[in-house]
Every structure is written in C-alpha cells, then in structure tokens.
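Here chain A shows up in two complexes: once beside chain B, once beside chain C.
After this line comes the complex of A and B, so read on.
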C-alpha cells in the first residue's frame, strides 16, 4: 500500500487565517478543499483543507454550521473551491469576494436546493429562471466584448469565454464553465468501490488511467489492500503510456493551432499508433477498464513487452525530430515564444500543478513530491522551464516524453513475476477516509474517498487538475492578442469534463 | 475593335469555363495540401457538392439584420463575376474587354470586400466586427500593392485595359522570340517583380496561410471566415463560391503575368485553354506549397510581409516609368 504521509489537524475557525498565512510562507500550497455533510453523526458540516508540500500533506479540519471563514483573500487558489462548496452545500464562505453561482446556474436551478446535502431528495427543482448571472463589466471608449461559446465552431466541449478587448489586445477574460454538470459526486454516494470505478474512468476519459490510480490509491488505503509488485509495475506502465499519448496529442494540436498541419499530421499518426498499442494491450484505445480494485485487469506478456518497447522507441525518435524541427524553425518559434505567459508568482498563488506549474518554474510533480506505486525507486527530477509561455509548455511535454520513455523501459526490463490482482474480502471501517494523489498528463489528480458504515461510499470528492488550472488562463491571456487565445488555451489543454463533474 | 459573333460566343465560353472551374482550383489546392500531409483528401469535386447542398438550405438571418444582409452576398458575388467578365484568361476578347480598366478591377474587388464586411457587422455578432476590422486591416495594406501592380503594368505597356496590357506583353514576347535576338522591348524584371508582389497579395487577399488559415474552426483566429461566420444556407454557398472566384481572379492575373498566351481566334482557343489550365495548376501547386511549409504567422506580422509586396511593386513601377 502506498503510504501518503498525512498530518491531521483540527483547527478553530478564529485562527485559521493566520495559520494559512504561515503555511504559505513555509512553501505549502493548496491541494484541495473538501466539504462533507456529516450532520448525521457529527451534527456539523466538515470542511477539510489539504495543503501539500515538502512530501507531506497537511490536513486541517474545520467544523461548520452555516458559515465558514473564506481564505480566498490570502490564498486565491481557494476561491473556486469555496464557490463550489457554497453551491453544493449552501455553506457561506465569509468574506469571499465573488459568491456568484458556479455550477448550479440560477437560470434554471433553485438555489435553495443543495444537492450534496444528505437530506437532498434527489429531485431536480422545477426548471425555470430563478435569478440572473452577472458578468463582470468593463467599459470605456472603444472597448468591446467578444463572447465565445458555450457552443463552439469546432467539436469542443462547452465553455463560455468573455473577452473585453481594446482592438486586438485582451483587457480581460472571464470564463464561465460548468455547463454540463453531471453530479458524479452525488451519484457515487451509496455505491460500492468497484461500481464507482466505472464512473471514475469516465470523469475525464483521456486521463482515465492516472485518475483511476489516484482513486484506487484512496480505496486500497481504506480497504488495507496491499498490491503485488507486478500489479504496481503494470499500473505504472499503463499510466506512463497514457501520459505519452496525451503529450503527443497535445504537441500535435499546438501545431494544428498555429496552422501548421504538416507536422501535426505526422504526430497524429504517431498518436494513432499509440492508441492501437493501447488496444492491443487492453482491447481499449483509451485504456479504459485496465485497472481494478486490488490490481490490474490485463497482464503484460513478452509479446506485449516487445510491442511496447518498439513503439516507445519510435515515439522517442519522432519526438526528437519534432524537437529539432521546432527549435530550428523561426516561424514556429515566433508563434510559441512569449505567448500566453503565466508568471511564477501567478502560478504559486493559484496553486497550479502539472505542466502549467513546471513550465512556470514551480517544481510540482506528484510523482516526485508524493511518490506512489514505485515512482520512489526512480531518481526522477522535475523537468522545469522558467519562461511560462506556450513554448515552455510545448518543450516541457516533449522532454517529459523522454522521461516517461525511460521509466517504461526500466519497468519493462525489471517486470517482476507474480499475480496481477489480489483477492480481498476486507470491509472498510465505518467512516474511514483516505486520499489519493497522482500525476496525470495535466497535473495533480486528487481524490478524497470516505466509506460509510455499510462499506459503501459516503463521500467522494475528486479534484481535477483542470479545476485548478482553468482560472490561470485568465491571467495567461493578459498582454496577448485575442487571435492567440486558442493557442494559449491549447497549450494548457485543460479538460472541461474533468473540471465539471 | 469590332465585336462580332465569334468574339461574343468565345467570350461567353471563356467566362463560363472560368466560373465553372473556380471551385475545382480551390478543391485542387485543398486536395494537394491534404495529400502532402499524408491524408486521403477530399473528393476533388467536393466544393461543387458543398455548393449544391448549401443552395438547398434555408437562410437564417439574425433578428438585427437589415436589408444589407440580404443583398450583400449577391453584391459580393456579382462584383467577382464582373471582374471575370473582363479577364482575358485564354481569349483576348473578353466580354467586357472594352471596359476592363485596371482601376475598375481593383475597386470591384474593394467593393466586394466592403459589402462583405458590412454584412459581417450588420448581423450584430461580436465576431463580425472583429472579422471586419481584420479584413480591412489586411485590405488596406494590400490595396496599394495591387494598385501599384496594375499601374506599373499600365505604364509599362502604355495601355489602360487589362486585355490590351497582356496582349501587348504577349506580342512583345512573341516578337522577341521570333526575331531571335535580344529585344529591348521586353522586360523580364518587371513581370518577375510584379508576379512575386501579386503572389503575396493573393495569399493575403484569399485568406491563405501564412496570413490566414482557410481551414480553421477557431473563430478567434479567423480573418476572412469571421466575416461570414453568421452566413447560412444559400448566402454561405454564394460567399464560398465567391471566395473561389476571387482566388481564380488572382490566379488568372498571375498566370497572365507569368506567361501571357491568349487566343485571338477560334483556332488558337484549344491550345490557349490548355496552356491556361496548366498555368493554373502550377500556380495552385505553388499556393499549396507555401501553405504546406509555413505555419500561420502572428496577426501583427502580416504588415511586414505585405510591405515586401509593396516595395516590390514600387520597384516595378519605377522601372516601368524609367522604361526599364
């Protein structure tokens, strides 16, 4: 079992602000805020704050009735979490600068109905207009607004982007997301751990293996399941293959967005090769259903080892060519460099993770900070870029493909014998909870799972990297022209569905 | 110049052939690009099929739209048709050859752009305004080059009509070729400079990479497409056909500068038509080649490229004034 060091604390509301301030000064950053309706046995709502850093996760528990202290002013990353809690639990963060509805749209949802409360009757309130959503206003001579979405010209998920422009330069971008809230967290309640796997892999399909690893980490920790070595190795192999195909696709789309279809198509065909490899490994192009509680569903035999080794060898070769191509092409560099710069300070304040953080010089990589599976055995160093622009994010992806290739190579070479799955009949202790934490191709996937007294799920909370990173685009586009927005957006390549559970 | 039945008939044939070929050239460029990227590629007649499909669809107009929105597509289309009536693509006596003044051609193009951008703004969508301002940003920069190109041709040949201009060049080249000696009446530098200058203008005016990307679905990066984003059904079909016509106009003028060969009677028509077709295919290949090896450049880099075009046309003009 992968042990995550958790330092549990219960704090009083009064001194919480100064505590958060201290945490920030010691280099800790917000991993997530999880609220849970525990009135049944605790007569209060519990809000747990998870801060990470220095290899330890600090948990702070605050018990609240109706109101809680907002920490957004000193920790801007908390803003979205607090709005979410306000929406779904009806708890009011005191002193929050912006308490507009986040997920439950006042245009069609009655705000007095809060679905994550345990006394919610699972009924959708009558669809009618209950209120209006107010967008920020920018005014002045020659300033106009361009509204994009939620329905886009291409096949993209829904998201509303509101640009205030003075000519081409962007003065302000306001994002409104959560158009297709699925209520996954609510649906999961009362289901057993295996059943929920099917939902977990569909949170954000292209990252499903890494997200599932995070979920399983939490679940297996609750159930006290110890994986076999071979299962750990195979999970990591799938995880790294997923990372590679994600990165290959991301780089291809960056070429596509600068209107350079020739290299893009080359990479798309490479992506196709990887997806066919996925299919030959698990019968599924997206590696769905490859993992299960207690192990993995598909073993890797010597033929598969050969196939994987050959494919990743080819990937490295193509990516090396691609890297040289980018570095030697002034026209490509001209589009990528200095575009969509996210400053290190912004990245810190918003607790960014994954590619977005590392491209801005923050060494945040869950595989290194909180090693899980057997990442601890590898001497991994975070790949860092300082410039925080589109070029940094592109180059970072290419460099990390080499790292992943090396990891897979080592894993394949040292693959231990043994079973790939352990049988278990463990029942969880009542109301035991655990967290899972893994690195997806976008960033840190964080799971909070709590069992109830019947061994089912009492509360499940997932925090997608996209949820943390989306607000950063609003800062990344400043100083850029609107025509470069699609490129900036693509360089972060965030998930709408992971963001909006 | 006396017009007779032969002129009229061949002029009509010339006009219809160019108009009907226009979607083919656009489709051919698209197909070339796709094949170069290793894709299977569209049906080469796909743009005809699209046009046919769009004509059958209903037009949806914004509730803010005025009469302009209903008229603009036709005005744009007719402007391009008007220019095609003047162009001597492979037959010297085009239908409107008598009034094919180069300034008229340049400003018919501008008229089309004007109404297209009016249409964009009339629909009241935010992209329309954005697209319109970008379109003019490019047009304003490429218009001087276009005018200079035409004027240097006019000065060089001392002719005002586009039919006469190219006939003069053709004659000069023929004479020089037949006399076998180096003839001082033919300039190589001027057409060469004008060709490159016009090529750059064509790329910009026809929304091609590296200035614009005709294939993109990203609203925010569009130049030309953002203007017609609100167009639907028949209007969209007409706009798209219009853009093929515009491309054909530019390619045809380039083909005439590259190698003017126009039939003067019915017996030369087959050879002239074949030559025209081959020239157009080569030019399509050239455009596709540029689009394949370049990414789209930053919006505000476009003036740099267009200024190169302007300088080249300026040099050509100085050369033609000095009598090279």
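After this line comes the complex of A and C, so read on.
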C-alpha cells in the first residue's frame, strides 16, 4: 500500500511562529490543524499542524495547557481551525483576531461546556439564550445590508450570508455557517472502525465514496491492511464515477443560475442516468455502503463493465456538445468571465484545494501530490486555469470529466482478477494514529484517526475541502454585483454539511 | 445547431420507469387527479434542511429533472413559507437549526402539514446520540407523514405525495362528508 510520507516533528510553543514563516517560504501550505485531549498521558492537549506540499506531509506537534500561539496573522488559513479548537476544546489561541463562537452558538449553548474534552459528561445545556453573536458592521452613507438565510429559497442546505452593499456592488460579505453542526467527531469516539463507516459516509452524502477512501486509507494504515489490486481498482472506479456525476450536476447548476435552461436540463438528465448507473452497480443511487474496511462490498462483472463504459461514453459525448455550445455563446461568456475572481495570492494564503485552487492557477490535486490507491501509475497532470473566475471553474470541471473518463476506461480495461475484500485482525496497536488523504469533487479530504487501547476510535478529525474553501467566497464576491452571488456560490458548489460536520 | 436538434425536446417522460411492475409513476395520472381534486390544482411545498448529509436535497432537486418533472402534477417547491401548504423537513434537527425550523413552521399559514423525508428526521439517524442533535422532528411538530429511506429515491418521494393526497382525501370526506 502506498503510505503517505509523513515527516514528524515536536516543536516548542515559542519558536513556532518563525517556523511557520519559514515553511510558507518553502512552498508548504496548511493542510489542517488537529487538536486532541491527551491529558490522560501527560496532562496536556496536543495540537498537531499538518503542512502539505512537495509530496510530503510535515507534522508539527505542540503540547499546550490552556493557551496556544495563534498563527492566523502569518497563515490566514489557520483562522477557522483555531476558532474551532477554541469552541470545542476551550483552548485560547493567543493573538487571534476574531474569537467569536463558531459552531456552538451562544444563542443556545453554554460556552463553559466543551464537548470534545474527554471529561465532558455528555450532558447538554438547556436550550436558552446564553449570549449574542455580533456581526461585523460596515457603516457609511448609503450603505445597506442584505441578509440571506439560514433557510434559503431553493432546495439547498442552510447557511447565513450577510452582504453590505453600496448600490449594487458588494462591499463586504460575512458568512455564518455551522447551522448543521451535528457533532460527528464526538459521536465517532468509542466506536469501532467499521461502525464509524456509517457516519463517515453521511458527512457529505454526495462525496461519500471519496471521503470514505480517505478515512479507509487512515484506518487501513493503522490496522496494517494491504488491499488486493482488484479492490483498489474498484474503489477508484467508484471514486471517479462519483466525481463525474458531481461535476455534471455542478455544471448543470451553473447554467440553471444564468437562466440557460436548455443545457442545464440536458445535464440534469445526464446526472439522472449516472445515478441510475450507480444504482445498477451497488443498489444505491449515491454509492453509499459500497466500500468497507479491507476492500469493497460490490464486485464489478462483465455486464457492469459494459454498462459503465457505455454511460461514460455518453457523458463525454454530451459534455463535448455542451462545451461547444457554451463556448459559442457570447451571452454565456459574458456572465461567466471575470465573475467571482479569486486571485492566486488569495488562494495561496487561504490554502485552497481542489477546483478552486486549480482554477486560480495552484497545481493542487491530491491524486497527484499524494498519490493513493493506484493513481501513482497514471501519468496525471493537474488541469490548470489562471483566471480564477466562474468561467475557469466551469471549464475546469468539463476538462476534468474527460480526464476521469479516461481513468475509468483504463481501469475497466485492466481490471485484475482477485478477491475484493481481505480478512483482517481487528487489533491495532494502542494509541496508534494515521492520516488519510483523497481528492473529492470539491478538493482535498483529510482524515486524522487515532485508535485507543481497545481498538476503538480515540479521536477522529475530518477536514472537508469546503471548510477550507468557504472563506474564499468572501473575497471572490467583492466588487461583484449581488445578483451574481448565486452564480459564484454555485461555481464553487461547496458542501454545508461537510463544513459544519 | 446539432446540439439542439439531437437533444432538445426529446421527451424523457416515457423512460421514467425501469421496471414496469409496481412503480409509483404508473399512477402519475392519479397523482395529478388527486392534486386537482383535493387542493385546487396546487400543492406548494417549503423545504427546510435541519441537518442532513445533502443526499436528500439531491434527490429532492432531482424531482425537477426531465425524468420526473414534479411540477407537471401541480406540486411546486416555493421560496417562502408564506406561500406553502406543506413543510417538508430533511435532516436530524440540529440544535442550531431548531429555531429556524420552528420559525419557518410558524410562518406557514394554516391549514398546514409536515412531511419528513429520509430516516434522519424520523429517528435521528446515525447522529441521534450527538450533543448537537435535538431531534426527532416529532418532538416539536405533528408529522402527517414520514417518507422513509436513506435517502428515499425520487420515485419513493412521489409515492409519498400520492399517499399524502389519499390521506387528505379521507380526512376531507370525514370532516365535510362529501
């Protein structure tokens, strides 16, 4: 099995700031910050910082009591992670510019209760108002606010957006999320690895295969499981099918939002065909429960190979027609080009990943940076665009559908014989941990899993691509007219449920 | 334009049903008739996601694709609760969404009905033991019907609407004796 290369370090609290500065200069970027309550070993909280880049993950461990040094000022991507740690562990990031509550709303939660501490007694405070959330204020002559959400007009998930406008252009957007905070990390603790699969796939339903791949990578590395070649191939086939149907839907919604119903409805039909393909493969339209610890649950026979090949052939045909249709329409280009521009510098500072990074010219694709399963055997090149606007993100999805189609074609053609699942002994080393990485249709999915002494989960942390990318919208909309916001939002198509956890 | 000629206006409705036996969509005329009869040709639905995994929303959105095209039955998802007859709820009711959910319900004019979609709003699903989940929905609102499934397929949701119409018809007869 391809192991992720991890370079482990323990650092003192004091010299961490200058270290982060040096890291950034060498082209490293923040993958995630994971806190964990390990007071039972040395009465300290552990905070682990993971930096990616150059094919290696660097891990820095800082041990803290109640305060830790905030790195948000030199590494803005850390801002949300530090607020999250402040909420769930009660640790205070020293020098953090904005310590408002993130997921435990003062409107209904007593802040003296921190659920991810190990001594939390599972008692929930009474639902009543404990405090108020203060929004940022923009003042000046003629400035007004538009409030949207949490319950939106369409069939989408809840989130609150607060625009400050002067005329039509947006001066500031403040996003308040975590309405759907379900406390998944806490629910996972004390359960065994297979039981947790059911929760992992429900983090963000439309990306469940790729998220599960990341989780299983961590778990199988803890349990020392070596997958069969066939299982790896099948996992990759499911992952790429999921990517294709996600992209088809995303492109369809972009056209729906610019009022261009013809290609949109054709792509929705195409999405439906892909969902039905999923059902014929695994009995489930979202490919839920298709993977398991040690392999996959559903084999692919010659009939299924034929069905997949035919469908993806059709996908390519329709996408090609669609692409030509779009690129020839000046009204479409007029809406897409220069809208919702996220600069390369912003993308770098916020450690973006996935589509949003590649559309802004950052070559970040987990399949290429940290190859897993058998992605290493494919000579993949990141598809890149420089402009960072809605057009770049749309075109990038279309181009990547062709890449995924080629990958699936190769996999189907070379599918090796063998078992699809291996037996394993469920006895990991006590307190062993591992990380998992995969590329979902939205970007990098990062898992940190630590086992306890009974082979159950001691700490599980998942970082969704949406969690990293959401703040970038606040920069992408600046100067755009408010009517373009839905389009910009759809062009990133981020998950609320994955973000809120 | 070849794209137009090849794909456009090709009716998808006839290949909705994969297996001919026992499909909800064979009864599609019945659904339309029911909506026409009982609710004066319109059933307006307001959706609130109270903490789902986004799969149910995907299936609800799929109801308006050319294969299912729910609006031809007179059933429409509306933007404001003030326009709605039915509150449709997905998700496990998180602590943070409880207040917006109840406020949406309050803003729907009577008579109003609650339909839940998926297993989460009925039981809490895999999240029920969480500190941050305070469902199920039935703790707070009277639920007319649960559409089961994780997530329920579009066909199951349409079948759910059909059953709901039957329910209304029966209660109609009881209360108005017609």
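Everything below uses one rule, namely that the second predicted complex is superposed on the first by the 500 of 501 C-alpha atoms of A that agree within 3 Å, B and C clash if a C-alpha of one lies under 4 Å from a C-alpha of the other, contacts with A are read in each partner's own complex, and residues count from 1 in each chain.
Here, contacts are C-beta pairs under 8 Å (C-beta built on N, C-alpha and C of every residue); 3 or more make two chains touch, one makes a residue touch a chain.
Computed from a prediction, not measured in an experiment: that's the story for all the values here.
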Name the contact category of A:142: first (chain B only), second (chain C only), both, or neither. neither
By residue count, which of the two partners contacts chain A more extensively, chain B or chain C? C
Look at A:322 in the shared chain and tell me whether it touches chain B only, chain C only, both, or neither; answer first, second, both or neither. second
In the superposed arrangement, does A:331 touch chain B (first), chain C (second), both or neither? first
Looking at A:275 after the superposition, I want to know if it touches chain B, chain C, both of them or none. Which is it: first, second, both, neither? second
Please work out whether A:262 is in contact with chain B alone, chain C alone, both, or neither, and reply first, second, both or neither. both
Do chain B and chain C land on any of the same chain A residues, and which? 153-154, 262, 265-266, 269
Chain B to chain A touching residues, read off their complex: 33, 36-39, 126-127, 129-130, 133, 209-210, 213, 215-221, 229, 292-301
Touching chain B in the complex, chain A uses residues 144-148, 152-154, 165, 167-168, 255, 257-262, 264-266, 269, 329, 331-332, 334-335, 481-486
Once bound in the complex, which stretches of chain A touch chain C? 103, 105, 107-109, 115, 120, 122, 124, 127, 150-151, 153-158, 178-184, 186-187, 198-199, 201-206, 208, 249, 262-263, 265-266, 268-269, 271-272, 275-276, 285-286, 288, 318, 321-322, 324-325, 495-497, 500
Looking at the complex, which residues from chain C come into contact with chain A? 1-4, 6-8, 12, 18, 47-62, 64-67, 77, 79-81, 91-92, 94-100, 104, 125-127, 129-134, 150-151, 153
